[in-house]
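Letters A, B, C and D mark the chains in the order given here, with residues in each chain numbered from 1 onward.
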Amino acid sequence: MANSQYEYVKQFEQPDRLLPNTWIVIRIDGRGFTKFANKYRFEKPNDRRALELMNAAAKAVMTELPDITIAYGVSDEYSFVFHKTCSLFDRRSSKLVSTVVSTFTAYYVHFWPTYFPNSPLSPPLPSFDGRAVCYPSVENLLDYMSWRQVDCHINNLYNTTFWALIQQGGIGATEAEERLKGTLASDKNEILFSEFGINYNNEPEIYKKGSVVFRDYELVEPGTHNPTVEADSLAKPVQQSKSQAEKDKKRRSKARIVVEHVDIIKPDFWERRPWLLSNKPGKIPKEP
Amino acid sequence: MANSQYEYVKQFEQPDRLLPNTWIVIRIDGRGFTKFANKYRFEKPNDRRALELMNAAAKAVMTELPDITIAYGVSDEYSFVFHKTCSLFDRRSSKLVSTVVSTFTAYYVHFWPTYFPNSPLSPPLPSFDGRAVCYPSVENLLDYMSWRQVDCHINNLYNTTFWALIQQGGIGATEAEERLKGTLASDKNEILFSEFGINYNNEPEIYKKGSVVFRDYELVEPGTHNPTVEADSLAKPVQQSKSQAEKDKKRRSKARIVVEHVDIIKPDFWERRPWLLSNKPGKIPKEP
Amino acid sequence: MANSQYEYVKQFEQPDRLLPNTWIVIRIDGRGFTKFANKYRFEKPNDRRALELMNAAAKAVMTELPDITIAYGVSDEYSFVFHKTCSLFDRRSSKLVSTVVSTFTAYYVHFWPTYFPNSPLSPPLPSFDGRAVCYPSVENLLDYMSWRQVDCHINNLYNTTFWALIQQGGIGATEAEERLKGTLASDKNEILFSEFGINYNNEPEIYKKGSVVFRDYELVEPGTHNPTVEADSLAKPVQQSKSQAEKDKKRRSKARIVVEHVDIIKPDFWERRPWLLSNKPGKIPKEP
Amino acid sequence: MANSQYEYVKQFEQPDRLLPNTWIVIRIDGRGFTKFANKYRFEKPNDRRALELMNAAAKAVMTELPDITIAYGVSDEYSFVFHKTCSLFDRRSSKLVSTVVSTFTAYYVHFWPTYFPNSPLSPPLPSFDGRAVCYPSVENLLDYMSWRQVDCHINNLYNTTFWALIQQGGIGATEAEERLKGTLASDKNEILFSEFGINYNNEPEIYKKGSVVFRDYELVEPGTHNPTVEADSLAKPVQQSKSQAEKDKKRRSKARIVVEHVDIIKPDFWERRPWLLSNKPGKIPKEP
């Protein structure tokens, strides 16, 4: 039974290679997570276990896919950044998106019992969708990252105030929404402070800043690197010697993947970690 | 902290809506499953538990995504077919692919202990990649399904003979490969029968035919429907009344999702199950 | 001076092959033709010379690109249909669109003096833009053609009435527009007839129906062909013998390309000219 | 006759917006120009009239489409560069490609009698195809331009030698080809000089360098600008005041469009003309 008469169907596959020399961001989002969060009684406005589970899954994704240089997570979404020189899967969009989403989901389900030991998962199971977006310049990429972190801040300030009004103020959801309509950040800070004694600045960084996942090398002195310019100089397909590529790979695998809750909008974060934009692994920090 | 200065980055998302009025096939494949199968000592040439786990995950995907009309699985791959009138997620490719892949992965990991109770999963976890392909006509779609089932047959006959030579014939992998080079189907059948007393026709259907997953309604008499013509008449966006849509949805959710190991190359399979191509739910069979 | 260090830039070209087994429609539109029509004092509501120039250019395009099976023109737009089995330029969208647009433009400029002998062209010259759209089924394609012809009718009835009000009724453009706001087809017919003695039915067919361009073979008896079904059976890449392909090519080149102003919405047009959908050349009519 | 039942066909149009913040290059090529050149007896290896006709058409395209910042032509091809901030036609690929191709073709046909007064055009007419390619960084763009100019040089040196061998050396085409197989640039220079007394360096610049078309402003001092850095800083959609945009437009329209035959591979060309990469019009040079 030869297969040749049917093989023509392969021609219907359309190529989907992402434009070379652009930063690839793959953002994944929890599907129907409002309902999912209710089912498992996630705490409001933030459930630390749920966030730490997200972070654990993201760390695992970065371990399995060393081409990812940095990831940023907030709530039920995570953005994974592939360096603009990345040639993984020949940059095919479906392949990149589906691999990231699948790996993330596998770890999310696998690690669930560690973070929710008393709430075993039952169908419908948690799942994520994803998409790929290309950013041509470092500035575009950093603006993307800033966009997500500002969004985290805006949503968290809103949610913190909203749930304080409900949980501590004892009013209903509609009323709380009404109360917050049109308020500025300063108004919300004021409500939190004067009505509930909450100083928003003292809220946990993981809630205010989200989670940044990256390989940890020795920080460099501020002002000694201009990572944007260094990255922009990498416009051509990388012509690395095999031994250099091997060395880089080894160093990368030795680096600890860390999760931090820090500002990624100001340039300082990027200047002190030039490897994030240059894609050249830094120095492994000495063990303390 | 307004977010407006960064929001321009949203403009970099490119639309990826699949062409209307085409059949959408999403095929997923296990990533690195040769290595994975070795790690968990999958039986050769076929591991029934592994196949049944794949089928259980596929059934769960179809339960969560009723827009899928039929799925076909073989080895570590599965193809999910969305009807050409489908408008789920506005037919966005990334969204469809990532949702299918994520849901499948979630169930694969979740059901693992049921099928492999003595081999708990450990990193690196199983994962899948996926892609979407559009087929304009019923004939193209059926040719795609035939392509996969013929492939299943060709590979299974080869693998059955290959592993018989090794496991029962006691020769090495290279030698077995050498032995099979250039052989026809008839030669392999002959080797199996004369050397190992295996009648290939008596091998389990699940290995020879793969697995077909679909909603089960009452079969119709052969010759009473021409599902290809019926499907081709659905060229325009469906204008269903709301109550009809509700009725269809209810019927679909009542239908049992079954896994069968049958021939889908001959027209009979499709003629007796006109709902697969027409997308109109059939009659729920009476309980026996 | 070797070129190798720069050749990597070729990798940035993205493939744009249109989905196989779909009808390709390339529609071109005059750029800024309102202004252009004023500059050369086109007659209102229709300028016959301008339409005939469009038709002459379309005929020339079809002569140079025998893969086009039919074209339909109205006002300053033209739609060219490539058969779904077409493999010209490997179905690359840019190549198809740019070739059609360029060839059309070349003839439009070249033939201009024939149709406007007393108005030599001067910069800015007339130009056209274009796009490709794929239609999976015959029904979609015929609906596209109907869409354009109904649009022709609607616009022509409006314009005929609008310009009658201005040219014969002596009112201004704003007033005429106001007068026609919200009117039905029957209202416009009534205005034309009772106020200006114009029976719209007697208007020239070229204005009411637009222009259909195709290769002319002997008409077949209605009811003897079902071209839709015949076309749908051509789902696979055509495997024609070389001699058959040569014969078809010769017949096609012998066929006269005609421009007619007829109804293409009713099935009769297509049933009597089965070659349009089957892509098999018909019989060359005997010379009278 | 309402059109609503057919309007669904509009949904089949697929968006084709090019990635923001990337340089758009539209390259057009003469279709079947070997044959065309023979028909009109173009001189070998270069026909100056044909090249000047190409240049005249390119200048006209740039006049009609002020969004084009620079163009480069060689033989029967021309590359038009749109600045990375360009938002013309919402960056739709088909629209950009077809407009450039159509406008170029219109002028090519229109200007033909000026350059070939004794050879009136007859069908088949000259036509061009085109494609769009995006380049994310200035370096990629300059490498593209260098690629074309190096190609010009390599081809011209080859063709000059090839035709000298035939026209002056009196040998046949096959023999000439054989003779040149495997030769280096230095070998060809040597053949030209020792056998035909031709010093390749003295060949006309238009043949050796191709043609560069751009708006002419006052040159700036070398070393005072770093246009690459200036261009890379334009990553966001331009937020220009209306009056500034008007001023820029006026200046641009005042600038003379020039055709030069100069080196665009060395940085000097770009450093002295910073407006090409910054998209900010320079100073209009004083009339001499």
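The rule we apply is simple: contacts are C-beta pairs under 8 Å (C-beta built on N, C-alpha and C of every residue); 3 or more make two chains touch, one makes a residue touch a chain.
Note that the coordinates shown come from a computational prediction; the quantities given were computed from them, not determined experimentally.
J.: Where the contacts of chain C and chain D overlap, which chains show up?
T.: Touching chain C as well as chain D, we find A, B.
J.: Name the chain whose C-alpha centroid is farthest from the C-alpha centroid of chain B.
T.: D
J.: Roughly how far is chain B from chain C, going centre to centre by Cα mean, in whole Å?
T.: Result: the chain centres lie 43 Å from each other.
J.: Rounded to a whole Å, what is the gap between the Cα centroids of chain A and chain C?
T.: The answer is 50 Å.
J.: By residue number and range, which residues of chain B touch two or more other chains?
T.: If we look for residues of chain B contacting two or more partner chains, we find 8, 12, 14, 19-21, 134-135, 140, 143, 236.
J.: Could you please specify the touching residues of chain B with respect to chain A in the complex?
T.: Chain B residues touching chain A: 1-3, 5-10, 12-14, 16, 28, 31, 60, 63-64, 93-95, 97-99, 101-110, 121, 123-135, 140, 143-144, 146-147, 150-151, 153-154, 185.
J.: Using the touch definition up top, name the residues of chain D that touch chain A in the complex.
T.: Answer in residue numbers: 19-22, 84, 134-137, 139-140, 143, 229, 232-233, 235-236.
J.: Flag every residue of chain A that touches chain C in the complex, lowest number first.
T.: 8, 11-12, 14-15, 17, 19-21, 236-237
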